[in-house]
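Two complexes come next, and they have one chain in common, chain A, joined by chain B in the first and chain C in the second.
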Partner chain A sequence: MTDRRRWHLPSRGLAAAGVAVLIAVLAVFPLAFTNPTVTNFGVITLIFVAVASAWNIFSGFSGYLSLGHAVFYGTGAYFLVIAAKDWNLDGTTVFWLLPLAGAVAALIAVPLGLVALRVRRHTFVVITIAFFFIAQLSASNLSVTGGSSGALAPIPNFASATYNNPFYYVAMLLAAATVVLSVLVRRSRFGLQLRAIRDDEDRAAGLGVRAMPVKLTALVLSAFITGMAGALWVYFIGQAVPQFVFDPLFDLAVVLMAFFGGLGTIAGPVLGALVLEPTQLYLNLQETNGYTSEILFGALFLLVILFLPRGVLPTAAEYANRDAVRKLALRMSPRRGQAGATDGAGPSAAPAGSEPAGTAR
Partner chain B sequence: MASEISQAIAAGILGGGVYALMAAGLTLIFGVLDIINVAQGILVVLGAYLSYVLSVHLHLDLLLGLFITVPAMFVIGIAIYWLFIRPLRGAERTSMTLLACFAVALIIEGVLYWQFGSNYVSLTTWYTTSTVHLFDFYLPDIYLIGFGLAVVAVAALYWILYRTTFGRAVRATMQNQVAARLIGIDVNRVSAVTFGIGTAVTAIGGMVYGAISGGFTPNSGYDLISRLLAIVILAGMGSIGGALVAAVFMTTAEALVDIWQPDWSVVVFYLAMVIILTFRPTGLFGRRAARAQ
Partner chain C sequence: MTATLRAEGVSKAFGGLQALNGCSLTAEAGHITGLIGPNGSGKTTLFNAITGYERIDAGQVFLDDRRITGASPQRVFALGVGRTFQLTRIFPRLTVLENMLVPARRGRSSRQHRERAMELLAFTGIAGHAGALAGTLSFGQRKLLELAYVLVADPAVVLLDEPAGGVNPSLILQIADRIRELNRAGRTFLIVEHNMEFVMGLCHQVTVLDSGTVVASGPPEAVRINPRVLDAYLGTEAVDD
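Our next item is the complex of A and B:
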């Protein structure tokens, strides 16, 4: 079961080099491209890198698909708007509200998780959708959120030429921290427990995994980052309106990013966000009517689910591995039987190249 | 006050019939295919727009139009099943089909925006404006007609399920898909037709919804699906009878709260669901402990 999701980068050194290059490129990106439209894309995309990775820490690792992460995103967003107004904060000091916004979202996640995590799989998905609608409805009806007309975030006094840059680097920091966190979670005992729950919760419980605390911790962790991202986003956008802060398309976009890149992998959600978010922003810029991007978005989602259900990266890695195994097998033994045995066996047959006979389970 | 309450109860029960029908389609699909059709809400809206096109452009009576829209929605349902649901296999099938349905919903919503824009439209004809005198208050005729249609459709659903060979195959598939396959039931065909039937009821639901809701846009699908999901979860996924009871209970409760707190009345739906789930995770009439996938 776990083998199905394991995929190998060409080598560890190459991967480290790739990450270093990526970070360097991202760091100089706003200096090289000073066009505000471009840096604007950069900020939003990095926010989505963080959100997609955060979503993946909970849903990708545990297998509990959440379609309600907009609740945490929106909670963080509204917290920032209200807190900044009440405490008269503006400029870069507002960024210090982000961890607080995350904490509030994490706090919200506890009761939601205690109710929703009692049920499995599809009922869980549906309950997260219901929570989403409760949140949206509350935001448009409560007075503290400014009702359906929304509330304004403070307008920072950043220099207009480099207005986007502070947001960009905070978003980059958040995205990088989230990716590091997902690596840490995945390698930890906690991450192993999460994946055990994903593969078979009853068996995991039988083996001594305390499922509820583990799932809840993952959800809270995920909500914390999502709340921070939502707060950063609303400060950047400038105002919080219920139907944009709690947007069903947000939930789907995040899920699609993770699915597109590879659910439960580290790089998958990052790749998904880096590819899909700029595409969507660009489409929105080209076709302002809204429905074109909606239709294309739905169609793309269907294509991914139907043809790349495991995501780009795992599928690509599988093909690469299959070729490598085949070549290796051919080189090591020219006899037909062994070469044939590795055909079409996928990545789980990787050891077959070195141990010719009888490795199939 | 008393008349307000009795009127709310009457409107709740009569309006609940329509939700019961839509929820029955949703829960039937879930029971047989193990799929949560989150596109049900937008399909209802699609059904409403089909009725709208027929009545505005072809001047066809809303009730007569059903003879066209019901088969049309049936075909659309089967097409969705064959194109997007049937190819999905494997361990994560349930989650994947849910996402596929969501994607289909998005596409339909986008197409509706493209064709009809975001202005509110509503279905009107003589029996949506005329009223009937009930006890000491008046209700639009369409409430009674809609309730009657819902009762007939649900009765037809029950007749198909419990009095026909096909219905027996459906119930067998609901109970145990592998065993059903073993005794020679074509599960793929049963699934496709079930999906078609579950979708066809949205034509009726959409017509009545379009007439009693006072206006709808392509965006109405979200409101509908969230209510329908709350109903089927409260009832227990897969229980048709439960869905009927839950639908009427929910809409009546909402109509009652609406008298005092119009802004918050929808919350009753979700609040009831959360409370029930806290104490009974399988819902009120749930058959088994939330299938272990």
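Our next item is the complex of A and C:
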């Protein structure tokens, strides 16, 4: 067994098996649990898996934390409502509007990105919040969006017993495609450049990375998926109302999901969405006080930032690797100094050729 | 691949502080040129001015006959000028190998780029850490990594900002050997360094800065005994025997 294989926790084979089991469970979920409330949870959760992963493609990889992704979500939602009405579409045909909704959101992302991405870090966050409020106020005041009363989405004529299922499978497809895209981006040169920008943008630029186009492309990709997710969500919910379509809590929830699972990892946002969204939906259902889940999520956000700033998965991977590192270091101790350490002060943890601790994918 | 780097009359002020004042130097093609001077004399500012990290108030910078004054760091790098920093600027959350793959490929395929990266890691003696997070490397290893990933794009001129600073003596020798080896292959170096033994033993030419002005320039043995250099370092007039 090579060092590389021994040090992967989980190993590639185990991870692949885990993914296969997860897909199988998700595929049979609405068939096994036919209760509409449960499948309703499933649809919304999968939509958030897609959104959190899409947000992570931009913010997690580049380090530019966006609190304005609701702009893209809402744009996709309103596009679907307006286009379906204008073009008299209903039933499953409406699902074909999703890529178009994504494209419109991506189009919106270009000018927003060209403005917002000229600044860094905290200023960028503030600008995305400003864009969010501009979008919300516009939706509340424009006639095309139906003003503050909103607009209705077409009601599909699906069988009532399995009404949620088409939404569920489309959401699952969107979530799976987004995760695959995340993997492809992370493994690509484009993803490497994004992560270099996250670590030191000026240095990356000094090494030939064209930072602006790279960041903008990531934002547009992320907006495309978020727009599709917003369109699917509004078709499922049935109505686009400004305060819900452009909801500030949406952005906070997505950020929390990514931070909770592991910012910049592939599995982190997925885990965050799978754990947090059903919890929030359940609390909303159980508690008569509509703000209970928000209060709890706010507290959770604080706890995560204070005690798990890197997220659950990277922290768990680090703990799991620590013991293995110690054992291997003990085994290698007689050969110390021969493994390429040039100044007698080798890396603090990871051995040669290993995947370092805390690099959960 | 080699080139001559020239700075002519470069001036730069930060508010009321004149960091560079009509500063000129030449790093001849295929030579190792040292840039020395007391703290605050403007060495790093001149590096920043040459590589596009600082806009200059006056003067010109040339790479061979091409004017690169005011070019962005990205453009300067693309034209063939690579640099390292006094405080290393690696990408700590990327692996060592990933750090090597960040610079532009310069027409190589992905596989060739990766092979070249591994060659350079082996050349600098840190190939064994290719899979480790760069943030876990020691300071000296970070210096080597920074040198290696600057070289991956085959720059004609390499600017090293204190390559021996904070590095243990055995590693300093290794860094010096690597620089000599690369120079023998024709690469031009411009090196800022406080370690006089390192500079005098390595460089063909040495330029001395004091208060943003060049006070001496020439072979190491001449610069070493130049009264203005002694004055700049010791703060007193040299006394003739």
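Definition applied: the second predicted complex is superposed on the first by the 321 of 361 C-alpha atoms of A that agree within 3 Å, B and C clash if a C-alpha of one lies under 4 Å from a C-alpha of the other, contacts with A are read in each partner's own complex, and residues count from 1 in each chain.
The definition used in the following text is that a contact is a pair of C-beta atoms (placed from the backbone, for glycine too) under 8 Å apart; a residue touches a chain by one contact, two chains touch by 3 or more.
All values derive from a computational prediction rather than experimental measurement.
Using the contact criterion defined above for the overlaid structures, shared-chain residue A:189 touches chain C, although it does not reach chain B. Shared-chain residue A:21: touches no atom of chain B or chain C.
By the touch criterion stated above, A:130 is placed in contact with chain B alone, chain C being left untouched. In the overlay built on the shared chain, the residue A:298 is in contact with chain B alone; chain C does not reach it. Contact with chain C, but none with chain B, is seen for A:210 once the two complexes are overlaid on the shared chain. Of the two partner chains placed by superposition, chain B and chain C are both touched by A:202. Comparing the two complexes, residues 202 of chain A contact chain B in one case and chain C in the other.
Touching chain A in their complex are the following residues of chain B: 34, 36, 38, 84, 87-88, 90, 92, 94-96, 98-100, 102-107, 109-111, 113-114, 222, 225-226, 229-230, 233, 237, 263-264, 266-267, 270, 273-274, 277-278, 281, 290-293.
Interface residues of chain A, counted against chain C in their complex, comprise 4, 189, 192-193, 195-196, 198-200, 202-210, 264, 339-356, 358-359. Residues 63, 65, 67, 115, 118-123, 125-127, 129-131, 133-134, 137-138, 141, 201-202, 248-249, 252, 255, 259, 289-292, 294-295, 297-299, 301-302, 305-306, 309 of chain A are the ones touching chain B in the complex.
Listed in rising order, the residues of chain C touching chain A in the complex are 51-53, 72-74, 76-78, 83, 85, 89-95, 98, 101-104, 110, 124-133, 136-138, 140-141, 144, 149-150, 153, 167-168, 170-171, 174.
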